[in-house]
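First comes the structure, then the notes that go with it.
For reference, chains read A, B, C, D and E in written order, and residue numbers begin at 1 within each chain.
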């Protein structure tokens, strides 16, 4: 059985580069395969969103398998919004059986934001309970309630954390809780306010958490000034400082994408210099083709071989 | 009164604080209009409740006015604000049964004027 | 208290359309408190329906009645001898009240005039908020008496999620983030340590296997 | 002189705030949502109107607020509030309170005195609004400069006596001195609750004076206070027993009462509870009427026989004759003297506490303001004024009314209604209806009786009288008098504003 | 002895909610619905009885409330407030005060003597009837009946002319013929109204009530309708139109005819008497400065009953400055001086609003009184006088059921009768005929004020000496 490549890269101390892939709103495998082709070679793993923001898309599990078949290493995102503990545990077993080796445990965006606001949110477990559950299944070989599995799943367990959401003073504590629950790597919410992020990292280091968990800084390249403003105003938990918005506005519309990439690269370089940051997670929303350029410009195009 | 208003029935709720001599002042107009017009003097417009307004419509009023003192001038502090909120609620209700919101109208007087009920009513009825 | 809101007039009208003699029954308890089904609201609805019928040139006879509680037999019994004279009954009780009426008067045609919404609290005049989901496994003691099941949009036991902004919930920015409240209050009490524990998945089975019941031997006759 | 004999120690004033959640005052203060609970209002207000609260301060004591007059002060809360969250307005309920004789301000002042023994700020505590009698009679104070007035205000009141003697007959019976020129008038058990009755009796005891039982008998709870009780023998003879007459120092013969002159008493059936009935030897639930007049008295001789009977039963007791105020009230008073009474008690037509036909209260017999001078003058001209004590009652509401009544010719006064006001009566005039007083004063309903507690009631009445006494002493001081006995009959020191006709007055007239 | 006069009463509720003194201002927003006011504090169950009168858009709680203030004082949020009801203040006028109107309404509803606790609450005195107190007697007199006792107090009076002496022939046979007398058990008759909204119900209610209380109602000649036929024994027909239009048959059936005073009034009296010798004639005129002279002249000429009228406020013709009670005192005294008083009957009317006014007018010298407006107020009239301007009556008096109205009037008269007994009992007088003109048994404000207060405040003068 092969184990997680991402885990190996992180354990060996390499600065990891991961990216994100949003599945299509349809049954078309090509869309996933094309995205995979674009990213292949530039990133260590690709994580596939699970009906992000409550919008119905091709399933995360299926997309992961498609990517795996393209030769990439997928990270399976799993949200607790849509499945109860029976479905979740069943899917965890299924993922492992299909050869997926990474799982990112999330609660998920509220259904009211998506295209199915009438849906009943499940929220049987929360993200921390999901982490715990995967850990239990993998390490103790039992499901919730203690029943034994014939073969435990093999998954590298990740979680997300947002250093920018309220209450700020509790954010590090919350990460500690996720680590205690069993998270092995963390992807953060997209970072624009590097100052706040650094403060958070200070707290993380004070608690020694950077030694217990691999932290990947989340980055989303800005396409335009409008996007910057929109995110700042409308997306809860995202903190886009005014300077960044101004900087995007200061260039003509046609050059804003370029400027966005420039900012992204600067941020990545900053992240590399922060103690306890183990990698970067690039979330180029519906702009996956920008990833190779970013990775190249950041000087990270040479991905290590760990197999 | 305008020709178009002939035969219409009016219910006028008004805060008695606006015209201390309302009892006498409203007589001339009542004489003129007869049963077409009914006055409901209330000690404070804050006493108005949606049920009062509904009952006025139910008993045949084509138009119900609620006349309050100027905002900020209520003897009981916020009676006129209450009246406004309750009128709004009732407007929503009557709209649901297909009546015009305009059947219920709030007349908030301007501060600093001396009003008499008869003059006011004449103005309202055009 | 159980809260409710009046159904749209169109829907109520549809339900009672075939009938001429209608009894409107209010409930003097929870729904009176939340101003949706008390004596006054019964009066308003009756008034509206009468005016509406008149405008549509329909004949309709409405009787208004409000009983103390629509979910307790002793009060419902006051309708005996009255309800029979009406073709239809519009109940301004909560779902429990409507069902109780229907059970005691199985022949009567009983329709709900309210949409029952939630169990809540009168936050301030004119504002009611949900604060209990009746999960049957109260953990308020751990969470500074703020219910995460009800008041967190995602019912997180190990919150907050990453969506809280300015202390408010991302799902409804008008509402405070329950976890923000929990953390602030625990911090004030110096009990933030309570949250270090990871809460195991909730035993939702207490929320019921089918309809719930409470049996108190000491209270039963 | 009385003052030399008596070294009486008066009870202390103790704070006894309203029994109800919201005291009634002239002004109303509200604090709106803008309040940040900074506590500034609590800090600045010298009248302690505000109390701290969890969300925002509470204006719980706005009855102590001095109102718009405060706006000139630098501690005016409305201006001081940084959030402009405080608003002040006239209490709309205040205008509903009270009546012409007891206007809202007089009620609120009396509550204030009963709560703290202090005079209220900014309220008329002296007179009512009846448009005649006491309300138009002023006291003529000697002209003084402002400085002299201020000096008097601050001077000690020591050495001024408010005591009066009740036995002027020089018979062999004991001298009875009361340290204040007031005793508490008869309100029967049945018309008022046992708590009210005991509160008054205990207050009278503490104040060294007397309280009359009224005609409903002598409940045994009163026995410990027998030395301060006047037992009443009225036309119905309800609850009159030899043992009760033997027990007391003063027996009062009630011929008539001011509230219903010439009519008997009337206790409505609802108020006749088993306890009341037992006391009166009557059937519970049936209305009780006292007949009128004494069926055994048809002449002055019969009248004397009555007095003699009492004197025979109790050789130590004083006898008081309580009468109403007919056209010939002066003759009646003289008759009382010749029958052997120690005290003639004139009950004017506008007072009274129990239920009475309105036609009687308003129209029958004369107001006390006419009766006192009439009687005083006649007794003086008959040469017997100094042989009998004149007590006046019926419509005396304040310390100022008391001083005026004494100046008109009374030795002392008797009070009923003001005591009830001290107990937070609001004079709704519904003592008689249904379960009785909704405020638990004039009721026999058990639940309503429990609205009041004995300690509270006793102290409220004490507080009020302590305040009255201080006011009386201040008046005497300003009149350069050392004893209240000097004031009796000094009609030159009072004047009615409708009857001064631009005449030069003997001082400054103060209403 | 005659049968004890007793008026049957029965509770007769008002059709409209009475206007009460104090009203409750809204308490809704912010109400915690703690139910303290409803369940715990309100002794009168006011809030439970709350409902809406849609004709007046009033809450019933205002009428049930007894102003005890417990809800105001105990509301945890201080949301309940009371205020004076401006409609109450606007009732009536300076003479017909809201208090009087309220008092009449209450009696008309339940027939009871108004009783209240807590002493007198009104002004010290006032103009007119309020400047007078009646006497009481402490001991020396017979026991009284009042309403509850054993002995009988008579309120019966005779209307008509009386002979000062009887003459007999030598055989002992009566040769003088006593003029006809009409006896009424209470010195009150019902007068024509100065104004009213019209409608047959009002007159019928008066007549029905007159019959039930064994008295008479004055009816304008023009208002007499055939459906009043059965009430003829209780009608005083006021021949203010043309007395000659009256049929002989009608004159024969009537007991009393009232004539407006005029130069030839005695001639008309004679004419009528010829047709019906049993007829009693009233002569009616408005009080004025020379009323005494006119009354004496009429008495001398053989008038039987003189009906002296004042306006609604108890005042005579415009130039007359005297109030009815004072003018009648004067007429009474004048007739005594002229030696004529006991031959005629005097009836006074105008401004009589309360039971005490009946007693006071009798003490001042009237044998009986005629009442007008209170009878209308008994039927819920608000003395707004809108009817005089031709505007709708707020209590729809035009369309009353006369039986209901009669019941309300009867209740009022019963209340007045009992109050009259209270006043007479207190005075120790057992016959109202003996109370007439007993001015020594009354106290007059002007006299007392002068006697008591004018000597006060004078240096060196103590007790006016």
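Quick note on the criterion: a contact is a pair of C-beta atoms (placed from the backbone, for glycine too) under 8 Å apart; a residue touches a chain by one contact, two chains touch by 3 or more.
Being a predicted model, the structure only gives us computed values, none of them experimental.
Colleague: Provide the labels of all chains in contact with chain D and in contact with chain E.
Modeller: Intersection of chain D and chain E contact lists gives B.
Colleague: Please identify each chain that touches chain A as well as chain C.
Modeller: none
Colleague: What chain sits nearest the middle when you go by CA atom centres?
Modeller: B
Colleague: Skim through the chains and flag the pair connected by the most C-beta pairs in contact.
Modeller: After tallying contacts for each pair, the winner is D-E.
Colleague: If we define chain centres by averaging CA atoms, which chain lands farthest from chain B? Would you check?
Modeller: A
Colleague: From the C-alpha centres, identify the chain that is farthest from chain C.
Modeller: For chain C, the chain whose C-alpha mean is farthest off is E.
Colleague: Report, in whole Å, the distance between the mean C-alpha point of chain C and the mean C-alpha point of chain D.
Modeller: Whole-Å distance between the two chain centres: 56.
Colleague: Could you put a whole-Å number on the gap between the CA centroids of chain A and chain B?
Modeller: 63
Colleague: So how far apart, in whole Å, are chain B and chain E when each is placed at the average of its C-alpha atoms?
Modeller: 40
Colleague: Could you work out how far the Cα centre of chain B sits from that of chain C, in whole Å?
Modeller: Inter-chain centre distance comes to 35 Å.
Colleague: Counting only residues that touch at least two other chains, what does the list for chain A look like?
Modeller: There are none in chain A.
Colleague: Specify, in ascending order, the residues of chain C that touch 2 or more different other chains.
Modeller: 43
Colleague: Multi-chain contacts in chain B: which residues touch at least two other chains?
Modeller: 49, 51, 55, 58, 76
Colleague: If we count contacts the way the header does, which residues on chain B are in touch with chain C in the complex?
Modeller: 49-51, 54-55, 57-58, 93-94, 96-99
Colleague: What residues of chain C sit close enough to touch chain A in their complex?
Modeller: Answer in residue numbers: 153-167, 170-171, 173, 177, 179-180, 183-184, 192, 195-196, 198-202, 204.
Colleague: Looking at the complex, which residues from chain B come into contact with chain D?
Modeller: 75-77
Colleague: Over in the complex, which chain E residues touch chain B? Could you list them?
Modeller: 23, 25-26, 28-29, 52, 54, 56-57, 81, 83, 85-87, 90, 384, 386, 389-392
Colleague: Per the contact definition, I'd like the list of chain A residues that touch chain C in the complex.
Modeller: For this pair, the touching residues of chain A are 81, 85, 107-110, 112-113, 121, 123-129, 132-133, 144, 160-162, 165-167, 170, 173-174, 176-177, 180-181, 189, 236-237.
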